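As written, the chain order gives the labels A, B, C and D, with residue 1 at the start of each chain.
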Amino acid sequence: MIKVAVNGYGTIGKRVADAVSAQPDMEIVGVSKTRPSAEAVIAGKRGYPLYIADISKKADFESAGIAIAGSVEEMIQAADIVVDATPGGIGAKNRELYEKYGKMAIWQGGEAHDVAGFSFSSSCNFDDAKGRTFARVVSCNTTGLCRIIKLADDAFGVEKVRATMVRRGADPGDSKRGPVDAIVLNPVTIPSHHGPDLQTVLPEIDIVTTALVVPTTFMHMHILQMDLKETGDRDKILEMIKNHSRIGLIKGFTGIKSTAGLKEYASDLGRPRSDLWESCVFEDSVSIVDDKELYLFQAIHQEADVVVENVDCIRAMAGDDITAAESIALTDRSLNFEAI
Amino acid sequence: MIKVAVNGYGTIGKRVADAVSAQPDMEIVGVSKTRPSAEAVIAGKRGYPLYIADISKKADFESAGIAIAGSVEEMIQAADIVVDATPGGIGAKNRELYEKYGKMAIWQGGEAHDVAGFSFSSSCNFDDAKGRTFARVVSCNTTGLCRIIKLADDAFGVEKVRATMVRRGADPGDSKRGPVDAIVLNPVTIPSHHGPDLQTVLPEIDIVTTALVVPTTFMHMHILQMDLKETGDRDKILEMIKNHSRIGLIKGFTGIKSTAGLKEYASDLGRPRSDLWESCVFEDSVSIVDDKELYLFQAIHQEADVVVENVDCIRAMAGDDITAAESIALTDRSLNFEAI
Amino acid sequence: MIKVAVNGYGTIGKRVADAVSAQPDMEIVGVSKTRPSAEAVIAGKRGYPLYIADISKKADFESAGIAIAGSVEEMIQAADIVVDATPGGIGAKNRELYEKYGKMAIWQGGEAHDVAGFSFSSSCNFDDAKGRTFARVVSCNTTGLCRIIKLADDAFGVEKVRATMVRRGADPGDSKRGPVDAIVLNPVTIPSHHGPDLQTVLPEIDIVTTALVVPTTFMHMHILQMDLKETGDRDKILEMIKNHSRIGLIKGFTGIKSTAGLKEYASDLGRPRSDLWESCVFEDSVSIVDDKELYLFQAIHQEADVVVENVDCIRAMAGDDITAAESIALTDRSLNFEAI
Amino acid sequence: MIKVAVNGYGTIGKRVADAVSAQPDMEIVGVSKTRPSAEAVIAGKRGYPLYIADISKKADFESAGIAIAGSVEEMIQAADIVVDATPGGIGAKNRELYEKYGKMAIWQGGEAHDVAGFSFSSSCNFDDAKGRTFARVVSCNTTGLCRIIKLADDAFGVEKVRATMVRRGADPGDSKRGPVDAIVLNPVTIPSHHGPDLQTVLPEIDIVTTALVVPTTFMHMHILQMDLKETGDRDKILEMIKNHSRIGLIKGFTGIKSTAGLKEYASDLGRPRSDLWESCVFEDSVSIVDDKELYLFQAIHQEADVVVENVDCIRAMAGDDITAAESIALTDRSLNFEAI
């Protein structure tokens, strides 16, 4: 059993903890929180030992009826590997702590590539994670780009990618961030940083990205265009998507045309927290234009797609020797993650 | 086993079907849909026989891989009782059909009281439903008002109620309705229809209501003020809320201050579809002002609170003789519905 | 000519500057800004001398083509009176500066009553501002409450007020603040601070307020209920509203039922920045219930209603002796502010 | 004086009426409305004779204090040219009426090209409108595409255009349409119809477009990528944009990064109804990638950019012989339309 600690039990951390718990070869030895909250209550209900960074706040938790197992440093010592899901920028400061106790660690895409020196995508470079002490699972957007671009590259060769990310403004549980009624260029400059981020995983891909933020709470939408090296074949790519366990194909007859429709479907399917771990490609959007240009829309659930990647990354770094396909299958099966 | 058909497998219907399926004394004999859709696929995955109003559309469903069991009329004949969850206004037209086959039927709050001649609330008039052929479960807002007003009336006597309903603009899966950026008076006139609707269940209550619509998708928020007959006691009412199985008390230490926070909590709790079947009263808002005025905020999940009421109503009308408390307990236990 | 400086040329400050400029007895001697921006460009186009707090940033402005007249301290010295429209909380720190140069100053409602020791509303206590060195114009919500409650009190006597403020989440030009999709209790506790704030102007009024925030950008909506001392008369109150220069009556035949409709109407009327300086009472909502209860909806443009109050307050403090009615009429006439 | 009637005094119609009124060579002989409303009141305040389609409703208007000049047929007879700004799809049915009275007519982009057989853009084909009886001003999005693509084509030759339109969900005054919290693919299929629509004006351009709808109310955002025939030159294109009277360049130092910031700026500039008649290109976004690819963001005010095009189209069809440059300059000067 791989002993996993989740440092930062928030939007991503709580999902990773549940996904790790569901694996036959992993267990949660602790999760951390900085102050009493609804999420701290949930950790208790799930039976995850709860650790806190500032042990002087123990009484605050206990007066709210939440048991504390110890300090974050104690949690790290109890683990084989730490998944750092603290807010962007804070994770980098924790590296010293993980080094101090000689623990493996995985950061999220909110941290820079340099924090780990290696960026991970289950579909692209699973084997490269083996033997490493540190890794970074790329962001939700980059994860979604990696999956589909790798697939297209395998199919026809990709000459160049142009992608626009229309991003959600705030997570569903966040009532502070906006915008309320605006389309925000983020950044105004072109290209955005998403292209170089993809290249930390797929360095050969020529890509230009643009990004905007809009007033929605669930899922980013990608508009993707790829110049192909060979003539594209729509049926072939649809078939490859159907066979890709981390990309879902949204059929036209479902009538789903929006992120709202997707979320409702995930909810109806009984997915925990309505999570969509897969990239969602809209079948009717997949088009070959002028023989060698592939177009498509895909929606990315910002809270969920990296969760399964974290599980695979843990297994690659801390588990028995296993192939990417085997790990992905095991991760998915343990979560009852079936094709959408 | 009570044989239940759900006519209209949409936002409410699909939830009622799942809740009915979970009961030990009920079974779903069929659900209906008018055209192929993601929800029709879900009905298939759940194993609910799918019936259609216009049998000539059978081929449309089958070409999408969705099996059809027959016509809506056939479904009705197979049932002991029909839950009509068709869109508001359509349900009334179906009454003739239910009468034709001599079936019991339950409508939703989108229909007028007169369609059934009896309006139902589990917490208020369970016994009055016994022996009836037709009933109407009141709307989500009225259900939420019934629960808390009945409780306050039992506690201190209610002289007068003033309530404002700040309503969500569209359901989460609906991407057509607005508003996008407006507060809409709906209606502009005061009082709104919600007061008279409450009086179909609690005719003695003197109530004035106002209602607005805002650009959110989950939960209505009620601002409630009640003039009490006796001096109010905050501790007493908090205790009664804690003991009420259909009203949840949101504690201050959770940090939950919004509908977004509530929904996240429901999602973390693993509730199916993140449903909040209970009214959610914010503990910190419960206030006694000038001895005899009770104030509080409560949030109402528009898709969910009536679901458990439908189940109780089915049992009152078509089940063995049972008390309200027994039915509510059985309904809740079967859904693993525990206090939030 | 009263020499007016506007410290803080943002949402409120830029509107006050334009309104002051339009008055025959006032002139703008300077406005201040902390960094180059679109608003700084506008100040230049309007011909307002632009001063900056940190004179070391002068080059930043000039490289953007924006001329700087000097430091904020120099601006204050050039003025008879300063309107402080800096962000909430910062204004209090500026008091020392105004005292240092012996200048009169007016703060906004984001500051506490104590910063000035006197809170102002044109319709309620114009004369009390005369001879004062410091005053605070109450917030947009409190201004709106003052106007209508004073009017109702004059008409029938007000025994008690219960008011709910449904507030906009962010100003139209703000793309950072949320919420995106939530109703936020702000505060969760009841009553909110708005009641005591009203009492800084109208200390005799018994009032309980509640407040929420929703994802809209223009106008707050008030749901008001007042217990009257005498039997209410709907025609009388409508007539008084029609005759009140700072309260507009939105007629039913206009079809306006929302803040969106109001804003469109203001825009069509050619109002600068689509500003609604008046409180907007919806005629069809004005109701007398049970003889002695008055109900109504009013919408408050958060960026605009205090602008005209600032102008009156300047005149009361720094102008020739004049009545409230004369000042209000002069302010409004100078702005071409006619009944909506 | 060209006698202009505006059939359909709504979002576009009321703006065209004001723009026409401001021209020295045109006058409004009438506008039409179907029912009493705030906009009908505005028509009266502007002094536009108001005509109605169904003369039997005259009393409804008059009881609301709105004077009626006659029927729509009478209005058409009084005009030299009719601007049809009725809701999309209705305009086509009016063609018969314009033919009956032998009047020139201009439709909006909500109608198909075939209704007029000629599609107009001031910057592209002004002269082609001369001598025509019927024309259609292309939609706001197509107008924005025409302007910038024509400019890039003139500068470097355009080999191919790829454009994504992120569209607002509802107009600011509309509180019915959504979405509230969703990104909607509209259409799901790729390419969207916008490319072929552009080709009604610029038939030689090879273009692929995609389109989504998001929950905002003002301005569409375009992400544009063009393959150029010659090596691009950023300075040259910036210079050309600065010199284009219908394209504004949003400078970086303004800090404007969103549609909200743009709208605030238009409002501060004192533009009527905060209208942005120009396409707004973000200077910092204009990029040349790999020598021959031009990228940029531009925002399009859906209510405004076609207004000035309608004025030019009227002049081309019904005015004295004049060049495009002369008409554009006259239109803009009459509106005090200066570079943003």
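In the analysis below, contacts are C-beta pairs under 8 Å (C-beta built on N, C-alpha and C of every residue); 3 or more make two chains touch, one makes a residue touch a chain.
Bear in mind the structure is a predicted one, so any value in this text is a computation, not a measurement.
Provide the labels of all chains in contact with chain A and in contact with chain C.
Expected: B, D.
Determine which of the two chain pairs, A-B or A-D, is joined by the larger number of C-beta pairs in contact.
Comparing A-B with A-D, the pair joined by more C-beta contacts is A-D.
Return the distance between the CA-based centres of chain A and chain D, expressed in whole Å.
Between these chains, centre-to-centre, one finds 42 Å.
Where the CA atoms of chain A average out and where those of chain B average out, how many Å apart are those spots?
So the centre of chain A lies 35 Å away from the centre of chain B.
Would you pick out the residues of chain A that each touch at least 2 other chains?
168, 172, 174-175, 179-182, 184, 215-217, 257-258, 260-261
Show which residues of chain A lie in contact with chain B when the two form their complex.
On the chain A side, the touching residues are 14, 36-39, 41-42, 45, 64, 172-175, 180-181, 217, 251, 253-258, 260-261, 263-265, 267-270, 272-274.
Once bound in the complex, which stretches of chain D touch chain A?
Residues 162, 164, 166, 179, 181-186, 188-191, 208, 210, 212, 214-219, 221, 223, 225, 252, 257-261, 282, 284-285, 287, 289, 293, 295-297, 299.
For the complex, give me every residue of chain C touching chain A.
Interface residues on the chain C side: 168-170, 172, 174-182, 184, 215-217.
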